[in-house]
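What follows is chain A paired twice: with chain B in the first complex and chain C in the second.
Take a look at the complex of A and B:
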């Protein structure tokens, strides 16, 4: 028999209480791993975007306000020698969805000639570009979209023909030909197709609107990006279509924050939950200590040194926290490792994978909470006067 | 087989509660010889348990000296007292206080865990011996809730003797048991005293239990009122 065995056996005294405390640790720790994995995925996408040096130019008031097609030429004219910018690609929100499905797909119509240049990170080969240029129904689709729908709709594959119905007036239903599957995580949830196809289809439907929601400007460097950001907004200031230019990360962040400052909310919730878990654990340990005051007095009478008593009580709390955390973390970890979530709502995340750091951090936090919660009962137990404890016996 | 004498000289103990001075023991002198079995009787609040705690180094006197064997307890620090207790004193309590989630053998093994240099095999051997002495060798794997009150107290006695202490201090060891089981426990204490030569000090309210001791001390308001040598103890197994 070892001290560790005694500590473990002590957790069996009140099984219901132990089980409830384990659940109190397991649930928030599982959610915590999910939250940290989510943040890690967002950061990873942010890092990818940062390397691409893209500047998004949209209407100063809101992204919904459309900008005239001619603006592209005006932006290009700011750098005729192409020292600061490589290319400009206009994009229009389509908001398409599979007619039978409720969830929209992040679908955008992009300028056919510059899309492969501005979105070089889509990894299009010369053959892909040729297929894109040749076919006005061509679509370049992220692997996340394919993974999500391929089982139910077998045409969601390279070479497949699929239809999307727009969720904005005049609610066009267009057919596309998938010519490229993007393997990059930061583009995994997006469906790109040619804007000339959309413009012509709109015209056929009686809507003559060759306009864009955003122009993406591929820059030659970080300094050039900042220079162009100022130059473009100055160019269109005091016009009917004033612009706001943002680098891609800032744009993605503002888009995510439009959902309600999700990272901040997650942080706040995590802190509140962790404090509550700490209080629950502290209460459990205090009750456990009070119930065993006499027994601890007997331990002291037998000659157990105060530090050993402290260690026993503290270890119980830490072990409870660690076991609870493992119970919570393990299923999430296993689940995300073997079944990475293909999509998480509207967040720009391709797949949520288990982050080792998330598991370690959660376990360390749980142990720290366990130690903090057990410290005071353990200290009380250590300081307990043997005769006082034994008097509760007689 | 170890045994020790106990000597108290001019011992006093005062408790303080809300700045109120509560004298419990006043100028008490007492000598207990090695291998004696002493019963302490007296009404509640007469200082019996306090005296037992002083002899066991659980508490320290306000004045006077407490010597157990070679050790003067009033001069020792808490850490020294803790270590001394683990090696020289075995305690038996009225309510047994076994750890409910451990087996009888594991409960008996507890005091040995703080002994350095004792192998697992050695500990198991000692546990087996202690449980055999108290007649529970066949109940080693039983948990406390699978034992009767008398068997639980036997396990507690085995736990008290497993370290081979010089002195056994028992605080109303039969207070929670019926007459028949009390008799068995008292016979066991007699055995430890007679066969193994242990010095035993037992607090009790029961004159029949006190009759098992070789000597009875009567305390009254913290003073030794009477010190009697008992008639030869009843034969083991006789009715209490």
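Take a look at the complex of A and C:
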């Protein structure tokens, strides 16, 4: 009679209870793996952004205020030898939407010459860069945008021609040619195109405004980024266009708050879920311990050493937790693999995808919770006095 | 005679550890559920105060929010031809040209680590007649002066907006506007805004166009017909009723709420199973006792009801604990939230409050969870074979 056999037999004896516990354990574990998958995805995006060492320079009052594009030269002039910065890319918000759709796509006009350098994480090959440079209407589009629209609008694909109407005055409608699809999660939801195309089109519409909302400065290192952050804001202080410089993650944090702080909520959710599954497992183990006190007494009378009794009860709890976790994690995993959420297109949920790390962590945490929940009943079982146990009536 | 309630109540204390654990499971689920319901109803409450049927917001044709709309003053004059506007004492039609810009202000709840885009609205004196829900808590700003008034929600959530503070506005952020007072709007979204004199703000931002024009309709006029007229060939602008406008701005929040709602729903189902588990154990442990009750004359239905009561008691205790936990969390971690409108790029602040309606909803939900969880165990208890049960060890 092996350990595993005893544990399995115990779980099979009160099948109803085992089933109920498994469901009560599996459902919150499903929520847990979802929550931490999202957190993992966001942390990954944060790390990616941090590695890219980009400093965003925008107007101090609000991002909406436009900065003159001559500012790019001034920023570059702060470091003529390019010791601290690699390149500067000016960007202007276009907020283009497919005319039939309600929500605008995150679309930005970027300086054509520096975009491939500052956004080297877009992964543009020399051929991509050539296509981008040659074609005035070139657009580099995140996979999230493609996923979201490709079914309804088949032109959303590599090489497709799409037309977007700006949601900011003068509401230009421009045609673009998708020359590259970005596969990186941190750029999944953005649609980039050339700023010279926008500036010329604006001019044709009678608006002579070669201006930017933000300049992204690619820095050579983390220290250089901090130095430049101070230097740039100092350079433009007391001018008509005072700036505020932030690294990419600080820039994103203000938006995260305004989008309901989903990461914070998921964090809280994950903690509550852990409490719940811990209690579910603990409850079941207490119940089955109580009902089996006499049986454990028999084991003891037969000469099972206390540590063995301890292990039997603990293993049962751990096994219950592990099975429950797998039942909860697997469907979420399969669901995320076959239905990637970028189709929903809402940030930051869209960055959610099946992450092996999240699944492993969930499983390990579940097992740890099973062990913690089984500890007290197991300890009590070990300490049981054989005579008392045999005398006890359930 | 029904089973006395004290019997069920006392039963809960026989198995203390199981009762406590089950209560805590319920409490955790209810805590999250209450937060969610609180969030949603606070948002709905705020929006429900923005459904003035006699008010229409006019935007540039094709634009989706005030932030990205620009209406030249001569175009705004076209609205004068509308016959359905209410008039003021002097016989002037009630139309309020407004300019909306934004200022980046530190959030109080994280001590200014992150910044929020707060809407700044330039208005004329007519605005107060077009938006009658605005209630000044002190004097208004004076037209032509560098003065602003601040909505109570904005003052509460964002830094530097107390009366007497100077807030730097203008395109270059270099014109100091003194906060001369606060205003409330029954909790409507405008409470998150800063209001100042239209002409001074327009020149500070070197703008020549308005963002929007708000109209007040005469009593009994059909808003839909007016919207159709505004969108028609003579005017060619976009008109939205106030409630339509705000419903559109919250479409992204609603998706977010839906997702959180699904997660809480899943956890509630788990709670049902947890209760079922506890109740089955309770029934199994009391087989002989139930048989005894049946023998002394209690009917199966009374036994069934007894177990349902017991489970509902259990859930309600957990529910109350969960409510308390949620209230404690809100008072410790802060109950302020702000969210972007879908297209406005300005943030809308609100507070999560646990009113009586939310308490009733949460406890109702938890009672339902308790009932559902106990249904099968209680049914099993009521179907017990008395003779067989008495014989059992």
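Side notes on the structure shown:
The rule is simple: the second predicted complex is superposed on the first by the 236 of 394 C-alpha atoms of A that agree within 3 Å, B and C clash if a C-alpha of one lies under 4 Å from a C-alpha of the other, contacts with A are read in each partner's own complex, and residues count from 1 in each chain.
Definition applied: a residue touches a chain if its C-beta (ideal position, glycine included) is under 8 Å from a C-beta of that chain, and two chains touch if they have at least 3 such contacts.
These figures come from a predicted structure and were not determined experimentally.
Once chain A of one complex is fitted onto chain A of the other, the partner contacts of A:294 are limited to chain B, with no touch recorded for chain C.
Contact with chain B, but none with chain C, is seen for A:10 once the two complexes are overlaid on the shared chain.
In the superposed model, A:304 makes contact with chain B only, not with chain C. Residue contacts after overlaying the shared chain place A:390 against chain B, while chain C stays out of touching range.
In the superposition on chain A, no contact is made by A:39 with either chain B or chain C. Applying the stated contact rule after C-alpha superposition, one finds that A:372 touches neither chain B nor chain C.
Chain A residues 394 lie at the interface with chain B in one structure and with chain C in the other. For chain C in complex with chain A, the touching residues are 15, 17-18, 21-22, 24-25, 28-29, 31-32, 60, 62-64, 67-70, 101-104, 107, 110, 113-117, 168-174, 209, 248, 251-253, 255-256, 259-260, 263, 266-267, 269-271, 273-274, 276-278, 280-281, 284-285, 337-340, 342-343, 345, 347.
Residues 49, 53, 56, 58-59, 78-79, 82-87, 89, 91, 93-95, 97, 99-102, 106, 109-111, 113-114, 123, 159, 171-172 of chain B are the ones that touch chain A when the two sit in their complex. Residues 16-17, 20-21, 23-28, 30-31, 34-35, 59-65, 95, 102-104, 165, 167-169, 171, 239-242, 244, 253-262, 265, 268-269, 272-273, 275-276, 279-280, 282-284, 286-287, 290-291, 344, 346, 349, 394 of chain A are the ones that touch chain C when the two sit in their complex. By the touch rule above, chain A contacts chain B in their complex via residues 1-3, 6, 9-10, 12-13, 294-295, 298-306, 308, 386-387, 390-391, 393-394.
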